[in-house]
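Each of the two complexes below includes subunit A, the first together with subunit B, the second together with subunit C.
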Partner chain A sequence: MTTNINLPIYATLAVIGILGPIFFPAYTLSIAFLWVMVIMASTWDALGGQMGYNSLGNITFFGIGMYVSAIVQVSFFYEGGVGEYTSAMGSIKPEFTDAEYFIGLFLGILAAGIVGLVISILFSSFMFGLRGPYFAIGSLGLAIAAAEITITIDYVGGPSGILMPLFPGDIEFRSTFFYSICFLLAIASHILLRWLFSTQFGLAANAIRDDEDKAEAMGIQTLSYKRISWGIAAFFMGCTGAVVGNMIGFIDKEVAYPIPTFGIFMVAAALLGGKGTLWGPVLGAIIFHIIKDAAWTLLLGFQWIVLGIILIVNIVYFQQGIMGWLQVKFPERFGIVIDTSTTLVDSQRGDDAR
Partner chain B sequence: MTNAIITVNNVSKSFGGVNANVDIDMQVESGSITGIIGPNGCGKTTLFNSIVGYHPIDNGSIKFEGQEISKLRVGEIARLGMLRTFQQTRIYPKMDCVDNMQISISHRLDSKSSIFASRRGEIRDRAEHLLEFVGLYSKRNLISGDLSFGQQKLLELAMALMNEPKALLLDEPTAGINPTLINGLIDRLRRANEDLGITLCVIEHNMRVIMNLASHIYCLSNGYMLANGKPTDLQNDQRVIDAYLGGH
Partner chain C sequence: MWDELQLLFVWAPVINIQLILEGIFVGAIFALSAYGLALVWGVMNIKNLAQGDFVIAGGYMAFWLNSLGLPLPLILPIVLVSMFFYGWLVYLLVIRRILDQDMFVSLLATFGLSLLMQQVINRIFGPEVQTVDMQLPVFDAFDNMVTIPSSKLIALGLAAIIAIAVVLFMKKSRTGQAIRATAQDPRAARVLGINIDRVYAFTFAFNSALCGAAGVLVSIIFVIQPFYGITYSMGSFAIVTAAGLGNLPAVIISAFGIGLFTKYCGFFESALEYAAPVAVLITVLLWRQITMSRNRQAVR
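And then the complex of A and B:
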């Protein structure tokens, strides 16, 4: 993609990202979830779109990250420990100083990402033995299992969940603070993915998508590439989970493992925007989130029907998504060359002349 | 033959009740062009698959440069420097030709950092040079899936050369390619062998091609190694004529 497309997109996103919460303070958290969707869809695309491994279980790391961050935030500065804190079901309100809270939060987000990354690597060896629909179902199973296991652990509150430490500061500062983290995470994930897919890594990912057996036969160490892609997704999902957990303030199985909502939305958003492209998932996430929020407020009661219709239209008529459709429509804008001459005859002539 | 790069010893492979390969012995001399012929279903492709590690063999041994490889996997064997092309051409159909070429560089010396190497510079120059070599330079920016079958076949060959293998196993390189292009292909295979020093092992049904190209030919029939020798010897071998070449 050439810079002349990128510049206006970056400018537009910067305007939304910076001016959005200033002019529409009431929507700050909604726009924060917009960036959460962008992170989810673009990191999903690193494996699902670029490599053809459609994961339905990336939400696993979101939930794990949320819980890891809660454990870190509570246990670091509360001497009673997480077990005592959760068994009191919110009646204990530890007095954290501002510094303690923010240090705990920072460490929690970092730990959430790292634990997500480590778990993705642990599971990768056998998960990537599965291909196609088997991988999709296998990864979905991973998310469901993680959710069910979480509620059996009393240490993290079991089914009754954990109340997150109270934010020190007024509600407006709280929104702006968590919003900024979401925005920065989205920027960080975008920069990382953009660089990654401009290197040899991007080609290898696409090669695995197009013909994994061929890639293997050419000596590409496919497992390493799959691990890296999934690991990046897991890291960002973990961090995002940590932030969202604090943003909502209370976490339990439903908040941490929203399999039928965010777990599916991230895939739907990437498909809507166009999987396997740099901007597709970003665009898809923005459009999907706006439609979703509008449907939830304006068409309450019909919101799932609206989302269902979008999904059906997308999958039946627009399989390549918005960016994919634009690439077919205006190939020269994306640096794709279409041969207008009759390929076969032309090449033979060229060949004979040599 | 003393200087063998691939040594196949006593290899058998059966699928259920079908004995695809029975006690196959074969040696490919380093730097040579070796041919494999035989009727359809006689086990040529199975032998290729066994050599490059697509499936485990029932018994026997396969050595590459003296190293036992019959237990290794496809990717590991590829990284040792032995590649194969497919009878059904396999490229990366949604990527353009240059990208197809750039990702086909050798992964023998892969370090962690080469995963994130830049795409520009030397790799790209070499990709374009090899596309020129197979006559696809003018098509370099096209999506490879849009190329004709013959062009995809050439692209697959170029991708294999990009990898700089020590040995290259070609499964029917001229199948589906028109006669004028075949001459060009023979010429390129010979140049790849002579100039780049790549040992070739070729399955081929086109007798004119293989008799011209190969210095030594093996003939399979019904899973057994029927005969081997110089092209002229095989052409006059009554067993080969009966099983495969046919009478005059």
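And then the complex of A and C:
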């Protein structure tokens, strides 16, 4: 894609991102979740769309990040430690000064990302032997297992969860603050992925998606590429989990491991926008989030039925996604040129680019 | 943990009998739905994540028919036939369009289906836990330490009859032969004059009917709830992954194995009962990975 298309898109997104919460302060947290969805869908696409390793378990790192940040935030300035804090079930309210809270939060988010990264590297040593649907089922099992294991650990509150430290400051500043973090994380993840997939990394990733054995035969270190992609996803999912945990204010199994909601929404959003493209997941996440919020407010009680129908219709009837459809419709806009001397090869490449 | 072990092997070994019986009942139901999953997976390469929800749908159909006052011998055939047609409809609307797609697509599309079915059942019947009470006597043994409701024995017998009927159908009938031929080689089957599309539709509908039958048994001997389907889906996936496709004896053995395993895990820690099939699934995948990497050869 060329810059002259990108500029208006960035301008529009910046306007939504900056002016949205100013003009519609009541919707700040809803727009914050829009950026959360954008992060989730884009980082899912780094492994799922670009590399063909469809993970259903990225939500594992979201939950782990949430719990890690809670542990860091509580234990950093509270002498009793996390065990005492959680066993009191919220009756202990440690007094944090503003500086302590924000340093704790910052360290918590960072630690969440790093722990997610480390755990993804540990998992990748055995998970990437699974291919195709086995990877999808295996990673889904990973997420379910992580959720079940978490509630048996009394140190982090077990099934009753953890109450996050109170935010110092009024409620409007609170939502604006967390909104800004989500927005910045979304920008950071987008810039990182944009740069990464414009280098040779993107070519190698697509080679792995198209034919992993051939890619390996060509000398691509497939395992390390997969590790990097999943590591990026895990890092951002961990950070996002930490922010969302603080945004909601209370974490337990359902909040930390939303497998049937966000775990699937991010895949659905990436597919709706068109997987394997830079802009597809972003566009898909925005549209999906708007539909989701509209369904939640206008069709309350039927929202899940609407979402199920959208998922089926999207996957069964509109699989190439919005970007894929646009690429077929206006190939010249995407730099796909048909060279008559090598027509067969190039037209095949046009098909593969979807 | 130690207390439970002592209870199990020193103080009251009779509890083992109860657990084994419960494991067999669970395993019988798992075997039916896992066989359907293996059939669809093997014949048309569709991984049906909505398997458990077909089971629950059959269960709710039985619950509804029972509340109308119908007896069990009538409920079972009605559920079988209506789930068969429901499966055919789902095939026409959804499955048919994802047949030649990437395998991940079938996972996601059937996940959407599962979401939809759960929620529709939830809208119609509400989220309460239900069961079909057949008013049958309960037997006791070993000084009331082991209870065997006769409904469970009837369910076990029905499961065995259905399983034998399915095996005979697949081996002897022309349709069963066509299904097996299509599983081996769809192109060759088409050349020999088999209508592939009809075979696929029949296979999916047949799977749906099998799940419906399993659901009737679930509603009689256990409880049903709109969101309980995932247990049966994960259990079936674990069984099929452990047993391999198209290996019926292995499917039955691993179904009983997983049934027993979940019941014993549930005895030690009730939360583990739901995690057990997932644990088995991951262990099997890891084990395969290790054995396969041992066989892997590389040119150095």
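In this text, the second predicted complex is superposed on the first by the 338 of 354 C-alpha atoms of A that agree within 3 Å, B and C clash if a C-alpha of one lies under 4 Å from a C-alpha of the other, contacts with A are read in each partner's own complex, and residues count from 1 in each chain.
One rule holds for everything that comes next: a residue touches a chain if its C-beta (ideal position, glycine included) is under 8 Å from a C-beta of that chain, and two chains touch if they have at least 3 such contacts.
Being a predicted model, the structure only gives us computed values, none of them experimental.
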Partner chain in contact with A:L122 - subunit B first, subunit C second, else both or neither: neither
First, second, both or neither for A:Q221, with subunit B first and subunit C second: first
Partner chain in contact with A:I18 - subunit B first, subunit C second, else both or neither: neither
First, second, both or neither for A:V328, with subunit B first and subunit C second: neither
Which superposed partner A:A204 touches (first subunit B, second subunit C, both, neither): first
Which superposed partner A:D213 touches (first subunit B, second subunit C, both, neither): first
Partner chain in contact with A:A99 - subunit B first, subunit C second, else both or neither: neither
Partner chain in contact with A:L298 - subunit B first, subunit C second, else both or neither: neither
Residues of subunit A that touch subunit B when the two form their complex: 196, 198-201, 203-204, 206-207, 209-211, 213-222, 224-225, 228, 336-339, 343-344, 346-348, 350-352, 354
Residues of subunit A touching subunit C in the complex: 54, 56, 126, 129-130, 132-134, 136-138, 141-142, 144-145, 148, 151-152, 260, 264, 267-268, 271, 301-302, 304-305, 307-309, 311-312, 315-317, 319
Complex contacts: residues of subunit B adjacent to subunit A: 52, 74-75, 78-79, 83-84, 86, 90-96, 99, 102-108, 110, 114-119, 123, 135-136, 138-139, 141-143, 146-148, 150-151, 159, 163, 178, 180-181, 184
Residues on subunit C engaged by subunit A in the complex (per definition of touch): 47, 94, 97-98, 101, 103-109, 111-113, 115-116, 118-120, 122-123, 234, 237, 241, 269, 271-272, 274-275, 278-279, 281-282, 285-286, 289, 292-293
